[in-house]
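Consider the two complexes below, in which subunit A is the common component and subunit B and subunit C are the respective partners.
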Partner chain A sequence: MTTALKTPVPTRAEKAQAPKRRRSSAGYPRITPYLFLLPMILLFVGFKLYPYISAFWLSLTKNVGGDVQFAGLANYTRLLQDPLFFTALGNTGIILLVQVPIMLVLAILLAVAFNSAILKWRAFWRTSYFVPIVMGLVAYGILFRALLNTNEGFVNYLIGFIGIGPIPWLGDPMWAKVSIVIAMTWHYTGQNAIIYLAQMQSIGGELYEAAHVDGASAFQRFWHVTLPGLRPAIVLTVILSTIGTLQLFDEPYVLTNGGPDNATLTVGMYLYQNGFKYFDFGYASAIGYALTIIIGVISLIQLRLFKEKS
Partner chain B sequence: MTDTNIVAAKSRGRSLVLTTAIAAGAVLMVLPFYWLLIATTYDAKEIFSTPPHFLPGTAFVDNFVGLFRDTLFGRAMVNSVLVSATYTVLGLVVCTAAGYAFAKFRFRGQGFLFGAVLVTLALPSQVTLVPLFQIMVSLGWLDSYQALILPNLALPFGIFLMRQTMYAIPDEMIQAARIDGANEFRVFAGIVVPTIRPAIAALAIFLFLAQWNDFVYPLVVLRTPESYTVPVALASLQGIGTTDYGQLLMGTMLSMLPVLILFLFLQRHFVAGILAGAVKQ
Partner chain C sequence: MMFSKTKPWRRVAIATVAAATVATLVGCSAQADEPQTDGEISGKITVWTWNAPGEGLRAAIPAFQELHPDVEIDVQDVGNPAIWEKITTGMAAGGSGLADVLNIGIDYMGNYAEKFPDQLVDLRDFGADELAAEFPAGAWKSGSGADGQVYGIPYEVNAAGFFFRKDLFEAAGLEYAGIETWDDLLDAGVVLKEKTGASLFSMDKAGTVGDSAGLFELLINLQGAFYFNADGEITMNGEEGVRALEIIKKANDLGLVEDVPGTWDNLLITLRGERDVATSSSGGWLSGVIESEAPDMAGKWGVSPPKAVTSGGLTGAVNGGTYLSVPSSSPNQATAWAFINFALGTLEGQQLVYDGGGMFPGFAPMLESPGFVAPNEYFGGTEVNQIFIDELNQDTPVVNYTSDYARALKAYVDAQTRVLLQGADPQTELDAAAEQVAQATGRTLAE
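Let's turn to the complex of A and B:
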């Protein structure tokens, strides 16, 4: 107790008759919070803030014969006229619009099943659907590349049994996109189902009882109680999956390497190619900033939509 | 039959239908793992035979030995374990310290700093690929462990998670420790950190997984096969014209091992860690 008296700070705070929070905030040296933040600030400035600013500067430059020159908006105007960029953007958009809804609807249905008292051995099934998470992106890309092999693949062998002929999974522009959608759905659905399940378990049981008393069918209970209760989780997963898919890189890199004929080239891959295959740092950085703007706009639209509905 | 019997029979039927449907889906989820496991036991020439193998073969040891003899996969495993473990420990220190400052102190610039952390959550990390590469070139850090570890240590998501968790610790508890004469570091290490141990375990798993599986950034800053991490090594094995699929799939399977071990030993925290960081990498 005597040690507390040594510090003059509490007395000063008492004199000021400060509210409780102010007094507690005066109970430590002013520099303390900055010391706790120091590692973060240094790392943040050096490896986040500086790179972001540097990338913006780079996006305004051109490398002319080893000499970096200011080029104004040249990289951006080039971007707007680059058909390959729009191919990549279109591919990314198609995968986003197909994969995310399929995955999230499946995940909601799975979570309902996992939450249902009539499902037997619930914990066991939950783990089975969750286990794809243990595979890294490159590893499951390699695995699916082997499984989806057109001539010798396991998947084509299996669907042969139900009379579906061999599908050129990775060799056809349309099927290559389908392959990526299938692989991503396999990998991420269980994870999203667990998020929904966690949210579902926080919905009060009395809401369901009230609905039951009112004679609501199982579907009505799902529609009017479960879905509204899941709202926060749905908003979160939609926005995070969108941001994640717009940056898609690993899966197409490993599964299809962007092919066939650029059918699975994504914006992330196109950025990588320009930066580290052609070493056009300026153009790669412009693609990065275009991606930032697209992600920002789509996230804002999604937040808006979700807000207006409530 | 009484009414209750009919209801019971009906719900038994529903239970059977639902359980069967979920089981069928679970088979689809697990089948790729089964195929992988079987594939590692066959010689490269036999993996893609028709009809496919459903029972294990005899080439497991050959594939295992061959992978470590013919490729630098062993080195990649060592690199990945060292880098991921170091990254996890340092990342925990940076994120918990920053989270503590944001949650339990009032100071100038707090709102601005935290705002900056939040903004970077939504920014695509690919924007920084080129500048980070240039930084590593100018520091002479290509192919180095520190190039892999340092840039993502101040993980915005980790800082955010630690701040949220520490909010829940009552101020009175911290105040009491201060009055008892504990200095700020003792309060942090002795009171705050032990109180939020489950969240720290979850973040540790998240950090480890993020580093273990990271691909595009290591692909950019690692230039020689001796420095490759597991994902880069796997991708490069696949890229070789004469890929030995027995070895490649063996490596693919082994790359899951540390994660599986984490999963088995820390199942509860593992799920929490994945939930907490519900973000596609």
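Let's turn to the complex of A and C:
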């Protein structure tokens, strides 16, 4: 034990090896980082890479009387001729174009409010707006089904006082879409607001002070300082929300079951129906891959657009 | 050594983490249980079912354990419809994680048997074909494969029950017994609405909760047809289907259809008379539900066979059923079969199951047993079970669900929604629905 206290004098041979030893700094073997990564790599291969490849293979097959047979691109050509797939794609597109802008504008306004110095109980408000994101799917479905019930729902009860309604929220093709938009906005706005709030902390206070000195109004400060400062967060949330909406499944599943008459059928719902209702796993996989391609293309376009502007 | 630069303890720690990870991942697929083939009846089995049928099966356990004291049976309420996704997922995963006995609906049976033929045990291996003669041929056939494999033993065999509110018909001055056809019924419905304000039917018009095809299936069935014919060709847009949807459209246009979202709670609301709806058509099992869930309505509900669509037509229809099956992945198939055989293939077991859960059986000795047909006080002394036995004895068609029932059902409900909400034409919409099913499944339209 006492020998460890002595400072070892390096020999000539050890000096020559010094650069080598530095690379494996502190005496770790070179394989160490990989060993630490190994659990993650194994999990990635087992639960991500393998399913990706397996699903792609599945999308090239079909089940004939219990036998899985290679079918080439048959599922993809069928997809291109399937009116329901395009209905689903159209519905998803409409919800995307309507819901995401509403939600993000609301989220920015909320974030400004959360950030305001005059707001009391700030932590409470932030938490209560974030809570919907962690709400379980089943509770969420029960809550909104109860709220939006045509005859006994609370929403129709309320708007009844100002002489509107009753609106068939979940039973009419158009209103069902509106219901999905409302539910999604409730579910995800808080999350986006928190992202904006975080970004706002990085906008320097001196910019506001300078604007103030220059006599900018509150709105001008928001428009010329806050919004440009939020730009990276806006890019992030637009892309995340787009991807999330294209994969939309929860809301139509719990609220409208894709109906009435497929008015809220989304690509995610259609994939689920084909896989788990009709046991058409090959076709469901093809839908999944088509969706992946669509998401990839749209994300690429969005990234390009934002890049050119900057 | 402890303080040497290579620090072996770190290596050991890293290696342990890595090994544990590998072991965890590999362990997932390392279930090495061999199916028990020696036929010994012992050990533990699990059963997947839902509330009421689960009660029935539980009631048979003590008597079964007297015969086989070493057996432990765990009946699990997976819930309906959750059970279908659970079974599908298990089968798609090669049988991993499935219970030893599965309660399977007739509407799913064709799909499981056709898409996963190796996943269900051919119960002929255990001599199940000897039971065939004891069950209605149609119900037996729907649980069998193309080459006679026996994939499931009928647990419930449901005839259609047509329930009506005696008090409402009386209040409107109508004589229910005098109604012969569905046209007469709609005429009565108009009077009923006028005099009492009650609707004749309730339905989830948007079809966003339940499938809301019950009335259509009853009406097309009463005309001897279904979505598919015996050869698996699409017949939903044939003249029987169109007539069925036209009757529904007419009732809706006359304002006789109450729009009630298809949840269990809403069904109970109408059964308890909290919202007045004059009739409810369903499987015969609904009689037990009404009796237990709406005790205050005793004497107000009546039950009858469904009315004929055309004068002199069928007044009986099959309304679904369920089976008990054994998945090939079960390590204890012999015990699973022994339990099914006791519960469904013996009079003692059937009696216990029926008393416990009230599911309508298909087992002939049970139907013929003394006391099975008895006047029911709740329904004003009607011999309820006799109605269902008579229906099953009529020359009802074999209902061919096929592996594409779910797709046909969905296409139909969408068509019905367009007819009810937008006033679309039944023939046009059913043609479109049939075309859609044909395109998706490769089935042909019947001529």
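Here is the rule we use: the second predicted complex is superposed on the first by the 274 of 310 C-alpha atoms of A that agree within 3 Å, B and C clash if a C-alpha of one lies under 4 Å from a C-alpha of the other, contacts with A are read in each partner's own complex, and residues count from 1 in each chain.
The rule is short, and it goes like this: a contact is a pair of C-beta atoms (placed from the backbone, for glycine too) under 8 Å apart; a residue touches a chain by one contact, two chains touch by 3 or more.
Owing to the predicted nature of the structure, the values given are computational and were not obtained by experimental measurement.
S.K.: Could you tell me if A:241 is touching subunit B, subunit C, both of them or neither one (first, second, both, neither)?
M.R.: A:241 contacts subunit B only, not subunit C.
S.K.: Touch test for A:39: subunit B only (first), subunit C only (second), both, or neither?
M.R.: both
S.K.: Would you mind checking which one, subunit B or subunit C, touches more residues on subunit A?
M.R.: In the superposed model, B touches more residues of subunit A.
S.K.: Should A:170 be classified as contacting the first partner (subunit B), the second (subunit C), both, or neither?
M.R.: It touches subunit C, and subunit B stays clear.
S.K.: Counting only touches as set out at the top, which of subunit B and subunit C does A:286 meet: first, second, both, neither?
M.R.: In the superposed model, A:286 contacts neither subunit B nor subunit C.
S.K.: Touch check for A:113: first (subunit B), second (subunit C), both, or neither?
M.R.: Once the two structures are laid over each other on A, A:113 reaches subunit B alone.
S.K.: Can A:260 be said to touch subunit B (first), subunit C (second), both, or neither?
M.R.: In the superposition, A:260 contacts subunit C only.
S.K.: In the superposed arrangement, which partner chain does A:271 touch: subunit B (first), subunit C (second), both, or neither?
M.R.: First partner only, subunit B.
S.K.: Touching A:149 in the superposition: subunit B (first), subunit C (second), both, neither?
M.R.: The answer is both, since A:149 touches subunit B and subunit C.
S.K.: Under the stated touch criterion, which partner chain does A:198 make contact with: subunit B (first), subunit C (second), both, or neither?
M.R.: It touches subunit B, and subunit C stays clear.
S.K.: Taking the contacts subunit A makes with subunit B in one complex and with subunit C in the other, which residues are shared?
M.R.: 4, 27-29, 32, 35-36, 39, 43, 46, 149, 276, 281
S.K.: Enumerate the contact residues on subunit A facing subunit B in the complex.
M.R.: Subunit A residues touching subunit B: 1, 3-4, 21-22, 24-25, 27-30, 32-37, 39-41, 43-44, 46-52, 54-55, 58, 110, 113, 116, 118-121, 125, 128-140, 142-147, 149, 151-154, 157, 186, 188, 190-192, 194-195, 198, 236-237, 240-241, 243-247, 249-250, 253-254, 268, 271-272, 275-276, 281, 284-285, 288-289, 291-292, 295-296, 299.
S.K.: Under the touch definition given earlier, write down the residues of subunit C that touch subunit A in their complex.
M.R.: Per the stated touch rule, the residues are 3, 5-7, 10-11, 14-15, 17-18, 21-22, 25, 85, 88-89, 92, 111, 114-118, 205-209, 259, 261, 403-404, 406-407, 410, 413-414, 417-418, 421, 436, 439-440.
S.K.: Considering the complex alone, what residue numbers of subunit B touch subunit A?
M.R.: Residues in contact with subunit A: 11, 14-15, 18-19, 21-23, 25-26, 28-30, 32-33, 35-36, 39, 47-52, 93-95, 97-98, 100-102, 105-107, 110, 113, 116-117, 120, 122-135, 150-154, 159, 171, 175, 178-181, 184, 188, 212-213, 215-216, 220, 230-232, 234-235, 238, 245, 248-249, 252, 255-256, 259-260, 263, 271, 274-275, 278-281.
S.K.: Could you please specify the touching residues of subunit A with respect to subunit C in the complex?
M.R.: So the residues of subunit A in touch with subunit C come to 4, 27-29, 32, 35-36, 38-39, 42-43, 46, 63, 65-66, 81-84, 149-150, 168, 170-173, 176, 255-262, 273, 276-281.
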